[in-house]
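Chain nomenclature is as follows: A, B, C, D and E, assigned in order of appearance, with residue numbering initiated at 1 for each chain independently.
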Amino acid sequence: MPSIATIALIPLLPFAGFVLLGIFGRTALKKPAGYLGTALMLASCILALYTAYGYFFDFGKIHGAYQKLVPFQMTWLEFSKDVSINIGFILDPLSAMMLVVVTFISLMVHIYSLSYMKGEERFGTYYAFLGLFTFSMLGLVLSSNIFQIYIFWELVGVSSFLLIGFYYDKPSAVAACKKAFIVTRFADLGFLIGILVLSYYGGTLDFGTLIARLTDPSSTQMQAAVNASFLGASALTWGAVLVFIGGAGKSAMFPLHIWLPDAMEGPTPVSALIHAATMVVAGVYLVARLFPVFAISVPGALHVVAYIGVVSAMIAAVIACTQTDIKRVLAYSTMSQIGFMMFALGVSGYGGEAGLGYSASLFHLFTHAMFKALLFLGAGSVIHFVHSNEMKDMGGLRKLMPVTHITFLIACLAIAGVPPFAGFFSKEEILLAASRGNTGIYYMALITSGLTAFYMFRLYFRIFWNKEAGHDAHHGKEGGFALLFPLVLLALCAAGAGFIPFGEYVSSDGTPLHSEFDPVFSIAPVALGVAGILLASWFYLRANDRADRVAASLKGLYTAAYNKFYIDELYLFITKKVLFNLVGRPAAWIDRNIVDGAVNLVGNETVAFSKLIKKLQSGKVQQYAIVFLGGVLVLAVLFIYIWH
Amino acid sequence: MNGSTIIFYLLAALTIVCGVLSVSTRQIFRAAIYLIFSLIGIAGIYFWLDYQFIAAVQVVVYVGGIVVLIIFSIFLTQQAGELLPKQKIGRKIFSVLAVFCGFALTMVQVYQHAFYENDGEAVKPVVANIGKQMLSTKQGGYALPFEVVSILLLAALVGCIVIAISKKEETA
Amino acid sequence: MNDLWIIMKNELVVTTIIFLLLFIKIGKGLKNETLLPLIQFLLLANLLQGFFFNKEGLLFEGIFYSNTLIIVQKNILSLGVYLISLVCSDWLKKSPQLPEFFILMLSALLGMFFMISSGNLLMFYLSLELATIPVAAMANFDLHKKVSSEAAMKMILSSAFSSGILLFGISLLYGATGTLQFAEMSALLDGSPLQMLAFIFLFTAFAFKLSVVPFHLWTADVYEGSPVAVTAFLSVISKGAVAFILLTVLHKVFLPMMGIWYNLLMILSVITMITGNIFALRQQNIKRFLAFSSIAQVGFILVGMTNEGQLGISSVVYFILVYIFSNLAAFGVASAISSQTGKENIDDYKGMYRTNPFLSWILALALFSLAGIPPTAGFFGKLFLLTAGGAKGSFWYIGIAALNMIISLYYYLRVIRSVFMDKNDAPIEKISVGRSATLGLLLCGAGILAAGLFSWIFEYIRGILN
Amino acid sequence: MNLLYLIGLPVLTAAALLLARSKEQVRWISFAGSVAQLALALALYFAFRQERAAGNTAAMLFDQTWPLFKSLHINFHVGVDGISVAMILLTSFVVVSGVLVSLNIEKMTKEFYFLLILLSLGAYGFFISLDLFVLFFFLEIAVIPKYLLIGIWGSGKKEYSANKLALMLMGGSALVLVGLLGLYYASHGGTFDLMELSHLGIPADTQRILFPLLFVGFGVFTALFPLHTWVPDGHSSAPTAGSMFLAGISMKLGGYGCLRVAVFLLPVGAKEYANIIIVLSSIAILYGAFATMMQKDLKYINAYSSVSHVGFSLLGIGMLTHTALTGAVLQMVSHGLMTALFFAVIGMVYDRTHTRMVNDLGGLMKMMPFIGTIFFIVGLCSLGLPGLSGFVAEMTVFMGSWENADLFHRIATITACMSIVVTAVYILRAVGKVMMGPVTNPVYLTLKDANWNEKLAAVILLAGILAIGLAPFWLNDLVRPATETIAHQILQVTK
Amino acid sequence: MMEPGLYQILFISAALFFTGVYGFLTRRNLITMLMSVELILNSVNLNFIAFNKYLWPQKMDGLFFTLFVIAIAAAEAAVAIAIIINLYRSHNSIDVENAEDLKY
């Protein structure tokens, strides 16, 4: 088992990068910022690989099952004797796998950015932010305490904010980062309340204890949680659903997904890191982390997860077919793929064969990280080349950017589920799990995977084929080594990662799950995928107006999808019209005019009263004497007759 | 009904009627004269009560001193023959009301009060007794108040002089 | 008989000074520049002698008595007079009748001394008049000012009216009890309606002197019209003296009727505080402003007086000491300004801090003390008064008193705001404060701070009563 | 550790200021004095820890008594527990940075610093006194400096704001005064001593009368809804250091008083009125946040957000559980540091751009990265980001609140939680408008970043925020035993 | 008709007292107001003498009180008249309503 320091260094090295570059990144360390950040990340990645390797092949497996190890824990904030926020590390298959994914992708992005972000004025700051993000994400995956997750959850949110808003003088970027933060924050509210509920009934914030208590029907905590009900659902269900809301926000599940497409305002490598490979899967990770509770104690909540997942997957896929900004297409695709992961969890059971969905989901998470990061980085390479995000500015780039082209194609094949690329295996398992769990979801998923192939190849064709490249494009050059190296490396992974026997290592209860490959079952999805690709090539391989005609014939649906089903507008209506105008403005008005007005009124009335009674002091000495005499008489009568 | 009673009521009538006239007449000299008669009436009552010394003092100080002072000041300040200005009717009504209430209240209390009946041996209010006690420092002596009053008179004198006499410096 | 000289020492010293001044006046006319320091020295001597060779005792069969508390009270008054002679020296220097002024003032002081020491209603009445009539004459000392004589007229007539009612009350009391001696009277009070009537008649005279609402109406007019030194004397010394004797009268003589005067004081103090405060809100003239503020302060004094125990007495005495410092500081500043620029309006004070920081700070200190803000002594004074007043557990009562502190703060802050915050293109020019006035103001300022922070002052007063 | 140093030091500083001859001297004396305060506060903290570690479990440490008004049983009784130490630390941090940011004050420099130091004197005295009379004395001492600071050095409708502040605060202290006198008489023995009073068992009926007086009275100081209206006006008109002191120290006097006097001495009253407190503070939290959303002036934004944030500590007090009370204290400390820093930054922005209107500003990050960064960090602290103090405090309050299991408390807690979203909205709006986006005014392009003194001030406060945010356990360990004493009082009543 | 005694005298004095008060309240001329005050004081004197005579004859408290009141009345009248004359000089009138500069 690696020493605590080894594990601790995994997140702390990027953090050190953040601190150093945050303070000196503008001045002393501006030039070497990229190398410094990358070097630290490399070290971190190596340590992560070392740890994961050790865990999976050396010390992690005891009695045939992978154990949850907590090598380190310290009390950070004590609420009461039992309930405290502890900062610690948890090592289990889930976190070990995530460590690898996060550090690896992050390293790729670090390297990629060396070239992509070159010449940026805030180059050092950029690397600082990357470091912060990586630190937060690693902290999140290593969390041994539900509140610790929340802490890093928020930190991930803010570093995402920083990175999306990196070009802070662009109003659209500012709007996007605000939106991303606020929407996820809104979801975090659910998470927070969920934590409160779970911790109240579980009597602890520690994952191990919490899960143990809340999955054991005989424990007092469990009984209390099941018996307490609110609006017809048990407290435990509420807690689980609320926690899931938090996950849904971060993972851009419908209807909390609206921030993700806008988040593409950030630098493209950032999108690759955050909005494709790591942060957005935090929701999946969260559900997976609490999976025993979901699966054993609150199947109802798990259904919610499944349906939200599949609906998100489908909606996103439809929207993705209509978008013209290539990063937005990828963003919706990401949302769709995460939907896959979610519903895979949702249809899964706990333990053994029933836990297939769990393994499949995380397997998909793993492969998706590779090919989606690759897609984004490839798209970044294209954008770098043509200086535009719009499809109309692209086309016929295959000869001009050969490496990008090939790697992008591999990624597209992987995501489309074409064997033998990585995506095929993971998606296959998901569909298998769905078909076993819930046929309705299975069919929706099947359609969605067809759509996936279609929109991905739509993207691919429009970038690299479709028409001949414009004249100015010829002068450009594909990026240098730093830009291409990550592409190639990721492409290799995207091509080969599917052969990892994932279930052996990561499963719902820690015991290895042997997944068998069923070629018969694969026919339908593969066929659909190929159909999607062919359809896309029919529309987009050459420049023609077929797509427009079809779009025109499906006008209503197309416009709706193009406008992302008007969900943004709905949000805008709720925030602007309802919150600002109906709550905020009245609150401000009431405060100034009624609450404060009352205070002023008291003051003004006193002064006014003072003016009113000035006549009493008339300056006439005889009147004074009358008052005097009156006072005497009143007092006399008062005390003689009334108040003995 | 004997002579003494008649004299008393005559004196009482004189005192009250002249008092009322003094505060109601619109000619200032007449007011002063009525005041004198009212004060004389009171002196008569003192006399009737066998307090000759006080009666004498009353006549000397009031009639011979204060009222003369008042009349002098009337000379100094009043254009001859002018009627006094009328008071506002509202003020009058209020005053009458207040005064009547006060009077009623006082009299009710006085009549309801059972005054302590005392039949101890009386000290004759003759000049000898008064003089002796006035300058005594023993039981019932009034030497100290006497001194206080003398200082007061001195201070009043100084005050009067400053206020009324020092006209010259003001104009200078 | 030897005791006479010692027990009446304070009075004798004051009398001596009066005669000394009389001789000075009759003899060679000294210039004010030499006379004023001499008078100040005499007053200082008078103040200092009050601390030594004191003796308790009865004289003239109880007409006059003295004890440590009374001596302290007299010393407080002497201190006040001394401070007035300092802080108002700018005005006094210009006064053409300086010796007369002090003869009158000292006569009034003498009257107060006798009043505090009186053990007899006759003596009380005489000394009350002695403490009033000279002051009325003093009010007229700004001979060239119309308002001054108007003020004097209002004062003498009002006080004559008030003393008429007082006398009527005394006569009824005499009829009902047959004695004028305080010591004998207490046992003879049975709370019959006539006695109550007499008591209320008697009480109104105190109320008049203290400016308790509704007997206060003369106050503001007289304060505004009189010379500053007289206003200061009226608002501080004569109020203090009357409050002292009222304490004695209520707590010793009328103790059997406590049920009545407790309620009486409570009602009157509430009305007084509120009226004083509300009128003070809209005043422009600083003297008139201070008049109403002092009315409000009297309301607080009454709050303390409702406590019949030792705390009541000690808090009132202590407060008056504090009040002397605070009010005299305020009047001192007003006097310095009005005697040099003739300005008496609060609006004229705008931007004064820029030109006269010293006066501004003293004024601020004084007003804060009057408002009862720590660390000034006014805070402690007010707090003890309220502590005394709340002893019966009537929360609403101290609640009203505390709320009145807020209103009063409002108008005190108005002055502060004028002085420190408001902009003014033509603020009052730099005023050269004379040496003795500066000394007086500094003494007041020191007193404002020290009287509170040195807790032994209050403890001493309290200790006397045991 | 002699607690009198805490009073003596400001007094000495003030005296030295009076003797100072030039503006430079004034500045350096105040700076040295405030640094000494900081050092003293830290020394106190370590001494306190040492004493506790040595096993001294007395409720109040370092306590000393001198008779003051013996006949009234008023003593100068001082002592500290964890809450006081935390507050003293907070005060010293704010004082140092307040002095630092105002080094460029030219108008009546000496008076300015004199008042600042006087204010700090009031705060220290308040936090260490264990005698209610003395406590009240120091409470009121702190009012007038605020009035003058706003009225003389303020901006906008400063006289109005200053008046309002002084009158409302004095109104609050008038209520406190009545309450204190009530306690004095309720105790028969006639004592103002906090610890003695806490053992007396004041009758429930009396508590019912006194609790609202004391709580509302102190509540005015800490912006208890609906008596908070002095906050926006006062803060917005005050000079930078004034706002910092006002929000960072002065508002804490009220919270501390609510806890230490009202709740601690009158647990029955607290129990009975807890629901009202909870309702009011929940309203304040959410309503303050919504009102903040609509503000256009940066200072108003922070002032209203203070109303909302202080609501958390009142909510914590109202919840009456041990954790919630701890959270309330943590929130006081956190909010003090945070809001002082926020005002400092707003002041820096204002000094440069001469406007505080959000809509007029834009893109300042480019010219002043340091100020921008601090602005951003403090914004994050305000919206409760982990790693910064706000998170720790708010979460403790939430956790503590959630311990009350009935629906009413649940709803109140959720209401309070909801504010974290609204807070995010207005904070990001402010940050987005002011620091990010295109530069709205070409004049801004020439602006300079923070000076050394401003930087130092910001760093000091930031250090505090981070110290709590990253390692809350030291503060938590400090505060928890103290709040336990209070919670114990309440628990006893329940039994 | 009753035998004259204490109550009759008290009646007279009270009547005189309130007559004086009435005069004080309604007379606009300052000198006549002063005269009203004299009436008030005299009524009090009458009271004292009556009480002394009928109720407490062993001592002469009432009598002395009366004597001193007379003395003080003289002093008060003197000062008042001085003030009135001074007022007359500056206002050219002794109407009380003409001296109302100080108000509100």
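Simple rule for what comes next: contacts are C-beta pairs under 8 Å (C-beta built on N, C-alpha and C of every residue); 3 or more make two chains touch, one makes a residue touch a chain.
For clarity, every value in this text was computed on a predicted model and none was experimentally measured.
Annotation of chain A and chain C: jointly contacted by B, D, E, touch as defined at the top. When the partners of chain B are compared with those of chain C, the chains appearing in both lists are A, E. Across the two interfaces under comparison, C-E and B-E, the one joined by more C-beta contacts turns out to be B-E. Comparing the CA-atom centres of all chains against that of chain D, the greatest distance is found for B. Chain D has its Cα centroid nearest to the centroid of all protein Cα atoms in the structure. Centroid distances built from C-alpha atoms place B farthest away from chain A. Centre-to-centre, using mean CA coordinates, chain A is 36 Å away from chain D. Chain B and chain D, compared by their mean Cα positions, are separated by 70 Å. Centroids built from CA atoms put chain D at 42 Å from chain C. Remark: chain A and chain B have CA centroids separated by 102 Å (rounded to whole angstrom). In chain D, the positions touching at least two other chains are 167. Residue positions of chain C touching 2 or more other chains: 122, 126, 129, 133, 136-137, 140, 143, 152-154, 157, 161, 172, 175, 178, 193, 197, 220-221, 410. Residues of chain A found to touch two or more other chains are 603, 614, 617, 619, 621-623, 625-626, 629-630, 632, 636, 640. Contact annotation for chain pairs lists A-B, A-C, A-D, A-E, B-C, B-E, C-D, C-E, with touch applied as defined. For chain D in complex with chain A, the touching residues are 164, 167-168, 226, 228-230, 232-233, 287, 290-291, 293-295, 304, 322-323, 363, 365-366, 369, 380, 383-387, 391-392, 395-396, 398-400, 402-403, 405, 407, 413-414, 417-418, 420-421, 424-425, 428-429, 432, 435-439, 471-473, 476-477, 480.
Put simply, chain A touches chain E in their complex at residues 614-615, 617-622, 625-626, 629. Taken in their complex, chain A has these residues touching chain D: 26, 75-80, 83, 85, 147, 150-152, 154-155, 158, 161, 165, 168-169, 171, 174-175, 177-178, 181-182, 185-186, 188-189, 192-193, 196-197, 199-200, 230, 575, 579-580, 583-585, 587-588, 591, 595-596, 598-599, 603.
Touching chain C in their complex are the following residues of chain A: 603, 606-607, 609-611, 613-614, 616-617, 619, 621, 623-625, 627-632, 635-636, 639-640, 643.
Across the complex, chain E is touched by residues 1, 4-5, 8-9, 12, 15-16, 19-20, 22-24, 28, 31-32, 35, 38-39, 42, 45-46, 49-51, 53-54, 57-58, 61-62, 65-67, 69-70, 73-74, 76-78, 84-87, 91-92, 94-96, 98-100, 102-103, 106-107, 110-111, 115-118, 120-123, 125, 129-130, 133-134, 140, 142, 145, 149, 152-153, 156-157, 159-160, 163-164, 167 of chain B.
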